[in-house]
Amino acid sequence: MIRKKVDTVTQALEGIQSGMTIMLGGFGLCGIPENLISALAQSSHKNFTCISANVGVDDFGLGLLFNQKKIKTMIGSYVGENEEFERQMLSKEIDVILTPMGTLAEKCRAAKVGIPAFFTPAGFGTEVAEGKEIRAFNGKQYLLETAYQADFSLVKAWKGDETGNLIFKGTARNFNPLMCGAATITVAEVEELVPPGALDPNEIHTPGIFVDRIFQGEQYEKRIERRTVKYP
Amino acid sequence: MALSKNDIAKRIAQELRSGYYVNLGIGIPTLVANHIPKNIAIEFQSENGILGMGPFPKEGSEDADLINAGKQTITALPGASFFDSALSFGMIRGRHIDLTVLGAMEVSETGDIANWKIPGKLVKGMGGAMDLVSSAENIIVAMMHTDPKGASKLKTKCSLPLTGVKCVKRIVTNLAVIDIVAEGFLLKERAPDVTLEEIKEATEGNLIIPAEVPVVKL
Amino acid sequence: MIRKKVDTVTQALEGIQSGMTIMLGGFGLCGIPENLISALAQSSHKNFTCISANVGVDDFGLGLLFNQKKIKTMIGSYVGENEEFERQMLSKEIDVILTPMGTLAEKCRAAKVGIPAFFTPAGFGTEVAEGKEIRAFNGKQYLLETAYQADFSLVKAWKGDETGNLIFKGTARNFNPLMCGAATITVAEVEELVPPGALDPNEIHTPGIFVDRIFQGEQYEKRIERRTVKYP
Amino acid sequence: MALSKNDIAKRIAQELRSGYYVNLGIGIPTLVANHIPKNIAIEFQSENGILGMGPFPKEGSEDADLINAGKQTITALPGASFFDSALSFGMIRGRHIDLTVLGAMEVSETGDIANWKIPGKLVKGMGGAMDLVSSAENIIVAMMHTDPKGASKLKTKCSLPLTGVKCVKRIVTNLAVIDIVAEGFLLKERAPDVTLEEIKEATEGNLIIPAEVPVVKL
C-alpha cells in the first residue's frame, strides 16, 4: 500500500512558494485546516491566491493569513466577519473574486475529476455572468464555468489513515473532500491518524489517491463562531 | 396592524406541505422553523451540508463540527445526513428542494431579486443565494415592505445588482402577501388593519388589486 | 421527518408507463435492483429506453427485460455476456447507444445535481465525438456531453432507512448513488430497511432527498457472474 | 524466443514504481498483478469502484458485492476504499492514476489505439476504455505483435474504429518493447532470440531501430 504520512507540518507544506494558488477547506471556522493555516501564517512565503468559501475571523482561520498579509487575491463566496480582510479589500491591497457558493464547490470538484468546464444556472442575469458564455438547455439559461487550477489544497478531516483515506465529521465536511485532488499537491491534516486497515473501506469519504500528504494536527481549537443554544 | 417579523414567518409557515424539503435563509426566514404546523413532515436543509437539521442544541452540547449556513451551532434530527458542498448544492441546483425562503433588499415586478450587494457599501458576497434563486422552483421572499428610509422594496425594476432573474414566486411582507404574475405584483392578502391604499403607497412596482383581498390569517 | 417507505414492489413501480426512460443501477450483476427488475419484467409495460452500464446475462439482471422484449432502446457502455440482447441488437429489434463508462456516470450525476452539460475528454477523436461540440481547454480537446433525462431511476442499496437514506456495500455502489435523484422518480430497494435514526448520518452515501420510494426487497439472489478464487 | 503472455506482464511489471496507482485492463494486463517487484508499494484501482484491490478470494469467501471491472470476485486489502462510478472515473479523468495497462487490437505509430470495435463483428462496447485512454498520462499497451492471421497490430494508421488518439506511450509485445516517439515506433528492447528483421517484418508502421537494441531482461 502507498503511505502518505509525514511527521511535521513543515514537511506537509514542503514546496509551497510565494505566489502560489492555494485551496483551503472549511465553511466559516468549521472544518478548517488549523495547523496548516498557522504554519502558513508563520512561513516566509506570501502573495498567495487563496480559494476558500469564507475568510475566517480576525484572529482565527484565514484571518491569520490576512493579518500576516499573505494573500494577494481571495477567491471566495461569503467574506463577512473579518475586519482586517475588509480593510485590505477596501484599501485595494487585495483583489477579491466573489463566486456563488455552489459554483465554487463545483469548480473545485471539476478540477478534482478532470472536467475542464460545466454549465450552471447560478449567476445568470447577474454581474457574475459578465464575460462568460451563456447557453440555453431545455429553455433555461446557464453560464459556462471552468475548473480551478491550484498548486496546493489544504484540507482538514476528522480521521485519516496512513494511505491518505479520509473521513470527515458532521458539517465539517463541506469543501474539504472537493478540494482533495483538485490541486497539484493535496495536504490533509486529521484529528486522528490511524493505521491502514483501521477504517472501514465502505465508510471512507475521500480515497487516499486524492491525498498526497497526511499528518495528525498537533492541536485543535475548533472554535465555534456563533454558539447558539436553545433556551430552556 | 402590520405583521411583525415573527408574524411574517408564521404566515410563510402556512405554505409548508408534508414532504417538503426546505431551505431557509438567514434573518426572518430562519424564524419559519419555529412555526411548523402540527402533523406536517418536513426536513430542513442547510447548504453547508446537512439535511434533517434540528433546533439549536442545549447549552453544553454544542458541537463545533455541527453548524448551519449562518454558522450557528445546531443539532441533527433522526434521519439526518451530512454531505459535501457539491452534493449540497446539487440538491439545490437539481431542484430537489421544494421550498426556499429568503430575505431580499429588492424584488421587481417580474420576480427579479437583489439581496447581496449595495454599490459603495461593503460587499459580503453572495454565498449560496445565487445558486438558490437560479434553481429553486418555489421561492418565497420574506422581507419588510419598505426599507428603513421608507422606500419601497417592491420595485418596477431592481436598482441594486441582481442576485437572480424572474425567480421569486411570492413575497410576504409586514403589509401583505403578494404573488408575482405576468402583469406584476398581485395582492393576495393584506395585514390586519392595513389599508389597500397603504399597500399601494408602499409599492413602487405595478400592484394589481383584486376585488377581494382577504386579511392574513395567522 | 419525511417518510418514503412503500410496502410492495407494485407500489414502488406505480406510475411506470410504456415508453418511459428508466435508469437502472448496477455493474454487471453487482448491485442491481433485482426485485424491481423482476417486477418490471412481469409488468404489462414495454418499449422502455433503459440507461444502465451493462445488459445483464441471459437469465438474470437486465436479461429478464430483454427476454420479455421490454426494451426498445438500450443506452449502456459494455454490452457483452447476454445472447438474447445480442440477437435483438443484430436483428435491429432494439437500438443500442454506447457511451464511455465514465461519461455515462457523469451524465447521470449531472442530471442529479442540475448540471445540464459538461466537457469530458473521453471519446475525442473517435466515433463517440461525432455530432458533438469539441473544445480545447489548456491545450487538450474535450467533448460537450449533456445530462440524461429519465422518468424513473431504479437502484439497489445495502441498507436504507424510512426517510430514504442509503448505504451501499463494496463495489455494489457503482452507478446506484449517481442515479438517485437523476430521474423524476427514484425508487430504491434495500436488503435491510431500518427506522430513521438507525443509520449514522455521517455514514450515509445518499441522502433521502434523492429517493422518492424505498422498500425492502423480498429476496436477493446476488448472483456472482465470474466466481474467481485463489488456488491454494 | 518470443515472450509468453506471462513474460509480457512480467516485463511491464518492471515499469511499476513505488507510489503508483495502477489500473490494469482485462487480458494480459491483469497478469501484471502477479509480478509486482518486492519492496514496491503500489495500489490497484478497478474502475467499478475500488482502490486497494487485492487478489482473488479463497474458495468459500467470495462476496457478490466485491468484484473487479472484469466481474471477477476479488478481495480488498488494508487501506482499500469503495466509491461510486463518478468518483472512480474522476480518478481516471483527473489524472490521479499513475499507470494504465491495457490490451489493444491496433496501435498506430502516432499512439492512436483501437481496442473496442470490429466493424461487422459483434460490438460489446467501450466500457471504461475511452475514459482511460483519453486521460491517462502513462499508458502501456500489452498485446501480441501480430493478430492470429499474422497481420501486424502496430500500424501506420489504425484501420479499426479508434478508442483514443495520440495516447499510447509504450507497447510491450511478444517480440519487443517499443516506445511511441515523434517519428514513429522506437524499438527499445527485443525478445530473446528474436531478430531485428523479424520485428521489422512484423511491424507495419515506421519502426526506428537504434544502433543498440538490448534484449528484454525478465
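Chains: A, B, C and D, in written order; residue numbering restarts at 1 for each.
Criterion: contacts are C-beta pairs under 8 Å (C-beta built on N, C-alpha and C of every residue); 3 or more make two chains touch, one makes a residue touch a chain.
Computed from a predicted model, the values in this text were never measured in an experiment.
Chemist: Find the pair in A-B, B-C or A-D that has over half of its contact pairs, by residue number, in common with C-D.
Modeler: So the equivalent interface, with over half the same contact pairs, is A-B.
Chemist: Roughly how many whole angstrom separate the Cα centroids of chain A and chain D?
Modeler: 36
Chemist: Quick check: how many Å separate the C-alpha centres of chain B and chain D?
Modeler: About 56 Å separates the centre of chain B from that of chain D.
Chemist: Using the average of all C-alpha atoms in each chain as its centre, how far is it in Å between chain A and chain B?
Modeler: For chain A versus chain B, the centre distance works out to 29 Å.
Chemist: Would you pick out the residues of chain C that each touch at least 2 other chains?
Modeler: 106, 113-115, 120-121, 168-170, 201-202, in rising order.
Chemist: Could you say which residues in chain B touch two or more other chains, in rising order?
Modeler: Touching at least two other chains: 50, 76, 82-83, 86, 89-90, 92-93, 135.
Chemist: Which chains are in touch, pair by pair?
Modeler: Result for touching pairs of chains: A-B, A-C, A-D, B-C, C-D.
Chemist: Which residues, counting only chain B, touch chain A once they are in their complex?
Modeler: For chain B paired with chain A, touching residues are 46-50, 55-59, 62-74, 76, 82-86, 88-90, 92-93, 112, 122-131, 134-135, 161-166.
Chemist: Which chain A residues qualify as touching chain C in the complex?
Modeler: Of all residues in chain A, those touching chain C are 106, 110, 114-121, 135, 137-138, 140, 142, 146, 167-170, 201-203.
Chemist: Report the residues of chain C in contact with chain D in the complex, numbered from low to high.
Modeler: Against chain D, chain C makes touches at 27-31, 53, 76-81, 86, 90, 98, 100-106, 108-109, 120-128, 158, 168-178, 205, 222-230, 232.
Chemist: Can you tell me which positions in chain A touch chain D when the two form their complex?
Modeler: Chain A reaches chain D through residues 1-3, 111-115, 161-163, 165, 181, 196-197, 201-202, 204, 207-210.
Chemist: Show which residues of chain B lie in contact with chain C when the two form their complex.
Modeler: 18-21, 41-43, 45, 50-52, 76-83, 86-87, 89-97, 135
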